[in-house]
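Naming follows writing order (A, B, C, D and E), and every chain is counted from residue 1.
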Amino acid sequence: MEKLRERAAAILADGTVSLVIGYEEGTKRPRPLFCHDGESARKLIFDSRCFHNLAVYLTKKELVGNGRFAVTATISTLRSIMQLYVENQLSEDKLLILTVDLSGTLREFVTFDEISAYVEQFELKRSEREQAILTRIEGMTREERWNFWQEEMSHCFKCYACRSACPLCYCTKCVVEVNRPQWINPWPAPVANMEWHINRAMHMVGRCTACGACGDACPVGIPIDLITRKMMEDMAPEFGYIPGLPVKKGNALSTWKLDDREQFIR
Amino acid sequence: METKYISKSGIEQWFKSIVDSGKRVYAPVNSRDQIEFKRVKNLSEVADEYVQTTQSIKASVYPKAEVLFSYEKEHGKVHLTDFNPDSIPETVLWKVHPCDAAGFKPLSAIFNWDSPDKLHNAHVQKTSVISFSCAMADESCFCTSVNGSPGNLAGSDIQLTMLPDGGAIAEIVTPKGEALVALSPTVFEADKGEDKTKYLVDLPARFSLEEVNAKLNKAFNSTVWKEQSERCIGCGACAFVCPTCACFDIQEDVHGSTGRRIRCWDACGFGLFTLHTSGHNPREHQSQRWRQRLLHKFSYMPARLNVVGCTGCGRCSRACPVDMNILEHITSIAEQ
Amino acid sequence: MSKIGVFICHCGENISATVDVERVAREIGGMEGVAHAIDYKYMCSDPGQTFIKEAVKKYDLDGVVVGACSPRMHEPTFRRACAEAGLNPYLCEMANLREHCSWVHEKGEETTEKAIDLVKMLVEKVKKNNPLESIKVPVTKRALVIGGGIAGIQASLDIANTGHKVILIERDPSIGGHMSQLSETFPTLDCSQCILTPRMVEVAQHPNIKLYTYAELESLEGFIGNFTAKIRLKAKSVNYSTCTGCGACIQKCPVKKIPSEFNAGLGTRTAIYVPFPQAVPNKPVIDRVNCNYYKRGACKICEKTCQVGSIEWDKEDEIISEEVGAVVLATGFDVKGTDFFPEYGYGKYKDVLTGLQFERLASASGPTFGEIRRPSDGAIPKKIVFIACAGSRDPAKGIPYCSKICCMYTAKHAMLYQHKVHDGESTVFYMDIRAGGKNYEEFVRRAIEEDTVNYVRGRVARVYEKNGKLIVKGVDTLLGGEQVEIEADMVVLATAGVANCGSEQLAQKLHVSYDPYHFFAEAHPKLKPVETNTAGIFLAGACQAPKDIPETVGMASGAAVKVAALFSNNELVREPIIAVVNRLAPPLYSTCVGCFMCETACPYNAIEHEEIKARDGSLIRTIARVNSGLCQGCGTCVAFCRSKSIDIQGYTNEQVYAEVMSLLND
Amino acid sequence: MSSEEIFEPKIVAFVCNWCTYAGADLTGTSRLKYATNVKIVRFPCTGRIDFLLLLKSFAQGADGIIVSGCHPNDCHYTSGNFHARRRWIAFRSILDMMGVDVRRVQYSWVSAAEGSKWADLVNNTVADIRALGPYTDYQKVADYLEKEVQDGEA
Amino acid sequence: MSEKNTYLPYLMTIDKVTKEAPGVKTFRLKFQDEAEAEAFEFKAGQFGEYSAFGEGESTFCIASSPTRKGYIECTFRDTGRVTSGLSSLEEGSTMGFRGPYGNVFPLDEWKGKNLVFIAGGIALPPMRCVIWNALDLRENFKDITIIYGAKSVNDLVYKSELKEWSERPDVNMVTTVDPGGETSDWKGEIGFVPTIVDKVAPSAENTIAIVCGPPIMIKFTFPVLEKLGFRDDQVYTTLENRMKCGVGKCGRCNVGKLYICKDGPVFSKEELNLIPAEEY
């Protein structure tokens, strides 16, 4: 961790980057930190409690500006960064990645190839919480699932924390803000809420890296991350991709195979 | 105001009489690992041993979405149906925290600024508030810094302060409170002279409101907004859990030739909140939106409505996905 | 409240028999925004159209819905009528009350109600319609023909003769294609080369045709009327401007044992070679794979032989760029080799031949100078078996289709054999005889009756070698499935015609679709057999499906006419049903965020990158732009766009949304 | 609705212009009969069909939905139906996770030549949806505003 | 309960539709309820919320003068869901209106002064109200100058009124189009509004300047006026922020301590200086 601070301070001092996005201690757990100078870099921490997906900040031009910046990245963050790269939202010349690997060694990545090679070593496994809730949902009948989600959806008040926390929700105008036509009613109501979350999941097909940031952000505790997580688990093997390890341009939804499944088509 | 004593069984009996009177009763319920206000029928459903509900009770007087009026179109003609205040049922809010009850005043101040708000007022009129003073607090609570206290009576019709014997001190504040007492008058016994403050959580003030107000009045162009807001991701969680945030949107719910005009919650933190059709956005950056939130509560509202827009409930800090701790931010401004 | 005019057609009684058309008109007349609604016996008739035109003017209509037959039938009619009355034609829509309602439902309340719903739906759509202008694009009047077989030759000549320039590219060193390999042609038995070579020469000499042999298409960009073709001119290693075609180098080339492609592997050629004596151009190329110099760095005998110094060892492939307005694909077909058939020995028996190889044996220019001799020992086969449908019509082999030409050429082969080997005995195993075509059936009868070819209806299960003979085991289904065993000296397989190698890659380069067997797909199986789904690219010959020479030539001429028709206009008018990426005033520019998911989704490569730059030239954002020339209007990108930044004219989000909502609102 | 009355489901069909729309035209030309419950919305291609339209249809009271286009390799635009097929696979998976009744969305390939297939598809789908009954689960939650004020599910 | 629902609009009949420029229309609206018509009052500078039932509400000024009784007018450009919905309405159909909201131009204070109106593009409507108000009370004011410019001749709105004003002897009417926006028969000025102001504006002496236009025009016109000697209290403008409620509650038009919908939309430049500029 000390190495990370030193390195961050050094690259800020020598002008390699003008900003380091990392983590600091927060009220209850680490929170995002923006370091503009060596002084603030002293506050940097990086450990297993660091959960926020900092990739969410990388597409905000008002924060990262036009210069080069660094980010201390978790595996989840790295996966998101790779997806953002595939979607033409990041370029190598603007980004420097700092991370601390499992052995506690400070690592730096400059190219997407390097990130990709590193990310490849990590399997995307369900957490205990995810496993517990998903097992429960998977054991339900369709009606039970409907009732489960309707109850959950009744709590959603459309604060869009899920959207704001997701690194891949970077549209300047989200579909819920489109009003010609008004695809999704903007007020909170069970159907409008469900439409929003189904829509979000559809928009994540082939893109979601299952970082869990959306569910973590939800102030009313809806396990929305599991909708996209389950979708990802279903779709990744079906369409043959590994989240966060994009191989070519496009994504699972904008490509196809001749022998895609179609037994549901009459 | 009258102070009475009510025993444990008296509370149970009184609660039942309120439910039996046909009023809707809302109370904090422990569900899905969260404490939230829900409609209840039995006292046993009500949660205890918690610091704060996730959401405030403001939806009872300012629903997330409500119909302003409805209309029907026919051959170029339009028939309007106004909002009917009689459609609002009588409601009792049970076990509201003083910081939530205190939120009714700033909320009403916004809604009734110059022109009265028929809908909000109808809800307020049909709503009675039974607050419980606070014996617990956490690091996010700061009511005592914003003119409140764990035993603040503002906004309450009746306030109960729980006693170790399971009974409570009942402070009957308003005629509405008296009407509730009248549902079961016998359970209210004479005041036993207990000192209420003994049972309140000790929460020292964290900043001086006057100082903060004075500083903020001059802080529009300060760099603090950019510094504080960097990690803000621009969601509406803080606004939606807040007991006093009142920003709203007006929308259309159309079904063929009939439709309804809807008022629904909105948040000044959303990037497109102030976007003009021309593409110009007066609050283009998150820092401007963060500034708006704080200045509105601590500078504009005191100046224009003579009320502070914050009750110190701490919900926004707890709800924030990125730990935008309002107390920390305000304190740092106060200490500048 | 718009001013929509609604016109309900009785279609004689086709609609009014089951739909209460008066009620439809009456109820729709009461709809919000409908200014005028009538019903009439025949809306498409002159008086019917006049009603529409007059109403457009009288009521100042800003939209028209005609409830009549399928829009696939009369949409152009009514749109034209609206246009004549001064209403933008794209403000006119049709509700399909005939095919989708009156004809498929019984008379009754529900049928009328459905009709009302269908009209309502279109009224709501029209309210959201926008006036559109047709798209005009300039046309480059020069055609690219890919493939120099008979199809490409014919198409090139036909186009060139209309006065337009043609660029003909051929992958092999000479044009001529499969037809140049054939001996005689059915059903007339005229010599293939005799009829083909004059055409080949004509191509070479035609002032409007630019011929590139030993050339392949590298890429094709652009759209109808405006393509840019990049063509790879493979290095021939011989300078054609100086080469006299004397052939001395070929004589001296020490590498002589290369199987000749022209002779279907039955003969040999040298490393520097002309594929066949009548080749056009009649100048050699060096086959670098087999040439000693390229393989081992030494030899250069040809260079020493060449009097004019035409050998260019270091010549590299050259890529040239040509602007063309249309493309004709005439890349032909290929035949399966004998190695495709495990039951016939996987090609290990030298005397099991393909039909094409037999053509070479029968050809006077072939390796045996027209004598039918066994490749194994040069003996004249006394007993020969022809197996039709070798591979074709066999779903188990992945070729369920009929290769179409085999019945005829098998009859021809048997006939030629009988003519050349008078004491020979020929047997044809067949499934059916498909001899549809002028004089075809007569031709087959002649083979059977006059030339005593033994036709056995049945499949051959196995061919194996025993004591120098090929044992052909099959059944005769006409004799009740009786086992037949023939000891043959030679077996000829009428192997299936398949798509030419590389056709899949070529289709992808051109963005034309292809069928599961990699034959190029026509735009419509009946009515657009020479068009592809990519406007401006046409098909000729066997690249679309196996076909015989007259059919190929006919199709080539058809494609040529399509090209000529296209070139008869200086500009092209297209339906404006295309996708558009929204544009907004700065600082937003567009709601497009430039993720370019649409780019991979687009089947036409119509999505381009547009850089939004600040005044100082710095890049603000890269967003998507639709090339209106390439876009065909499928709308796939629209459904992909997360921020709804792309919309498709004619089927906008607002339009389809309004339709769906109106259908479900009671 | 009394129990004896036959339930008439509302079904919307989203079809592509080139195959299924034309196939349905052929059904008409062939005078084959089918139920009136299904109403067709024309799209250029199945690739154009937005999943949100399917959701909106349910919210607006549709009991069933048909989505139909060209058979694989028949797409007028080469690959719109392949894209659509993939989108439907994902959409079905998500709907199923959310407990939406995926049996109410019938996908099909109907070519321009399959007039009788279209009639069968419509009749079978109507029968299937009739057996499932009205989609009250969805419609119940769709009209929420009144309920919220009344019950105050605040 | 007799309390009025602020959000319930008056029902208005569209009495007359005028096409002003591409996408720009003017509606003349009449109250459907006579009692409401009777009781309705407004002053120059105020705005309202206009409803297209089925689409929603949109904010624009009242473009007619309070001196013209019996109707109100509004002019808008078809840019969004609501304005497009309004735009599709025909004469005789119903729309909604609520208002009037906001403050007013202090015409009373301007008595005896010269007035110069400076407007650009679609911003003439908010000015038209006060122009007609002043012209209808012509004797109250000294010289009246109107400087109006648009991108092109086609984009000029109120063309017949521009003609009427230019023909009036008691109005000095100057119209201009941006360079390149002129037609062959264009007789007015060619140039951007600030340039023309510099050229034709009257003396600052006893004069009030009312400026309304796109932000960029305002930005370049203010310095010109300053140069010409106009003090900040002699210059007025009207602002158009995004609004939803119109009555100071929805939170959108809040700028510093001010609410454009309550404290504005009319501001003198002096007042404007107190508002943080980046927020409007």
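Keep this in mind: contacts are C-beta pairs under 8 Å (C-beta built on N, C-alpha and C of every residue); 3 or more make two chains touch, one makes a residue touch a chain.
What you are looking at is a predicted structure, and each value in this text was computed from that prediction instead of being measured.
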Query raised in the report: Is the number of contacting C-beta pairs greater for A-C or for B-C?
Result: A-C
Query raised in the report: Measuring centre to centre, with centres taken as mean CA positions, what chain is farthest from chain C?
Result: B
Requested in this report: Determine the centre-to-centre distance between chain C and chain E, using the mean Cα coordinates as centres, and give it in whole Å.
Outcome: 63
Query raised in the report: So what's the Cα centroid distance for chain B and chain E, whole Å?
Result: 39
Report summary line: CA centroids of chain D and chain E: separation to the nearest Å works out as 50
Query raised in the report: Which residues does chain B have that touch at least 2 chains other than itself?
Result: 64-65, 73, 76, 249, 251-255, 262, 278, 280, 284
Requested in this report: Among the residues of chain E, pick out those that touch two or more other chains and give their numbers.
Outcome: 80, 90, 93
Requested in this report: At least two other chains touched by the same residue of chain C: list those residues.
Outcome: 1, 588, 601, 640, 653, 657, 661, 665-666
Query raised in the report: Tell me, which parts of chain B touch chain C in their complex?
Result: 73-76, 254-257, 278-281, 284
Query raised in the report: Taking the complex as given, what residues does chain C use to touch chain D?
Result: 70-72, 96, 98-101, 103-106, 110-111, 113-114, 117-118, 121, 511-513, 515-516, 521, 523, 533, 577, 601, 603-604, 632-636, 638-640, 648, 650-651, 653, 656-657, 659-661, 663-666
Report task. Report the residues of chain E in contact with chain C in the complex, numbered from low to high. Result -> 88-90, 93
Query raised in the report: In the complex of these two chains, what residues of chain B are touching chain A?
Result: 32-34, 36, 54-55, 64-65, 139-140, 230-231, 233-237, 239-241, 249, 251-253, 262, 264-265, 267, 270, 272, 284-286, 317, 319-323, 325, 328
Report summary line: The answer for chain A against chain D in the complex is residues 137, 140, 142-150, 154, 175, 183-184, 189-191, 194-195, 197-199, 201-202, 205, 227, 230-231, 234-235, 238-239, 252-258, 260-262, 264-266
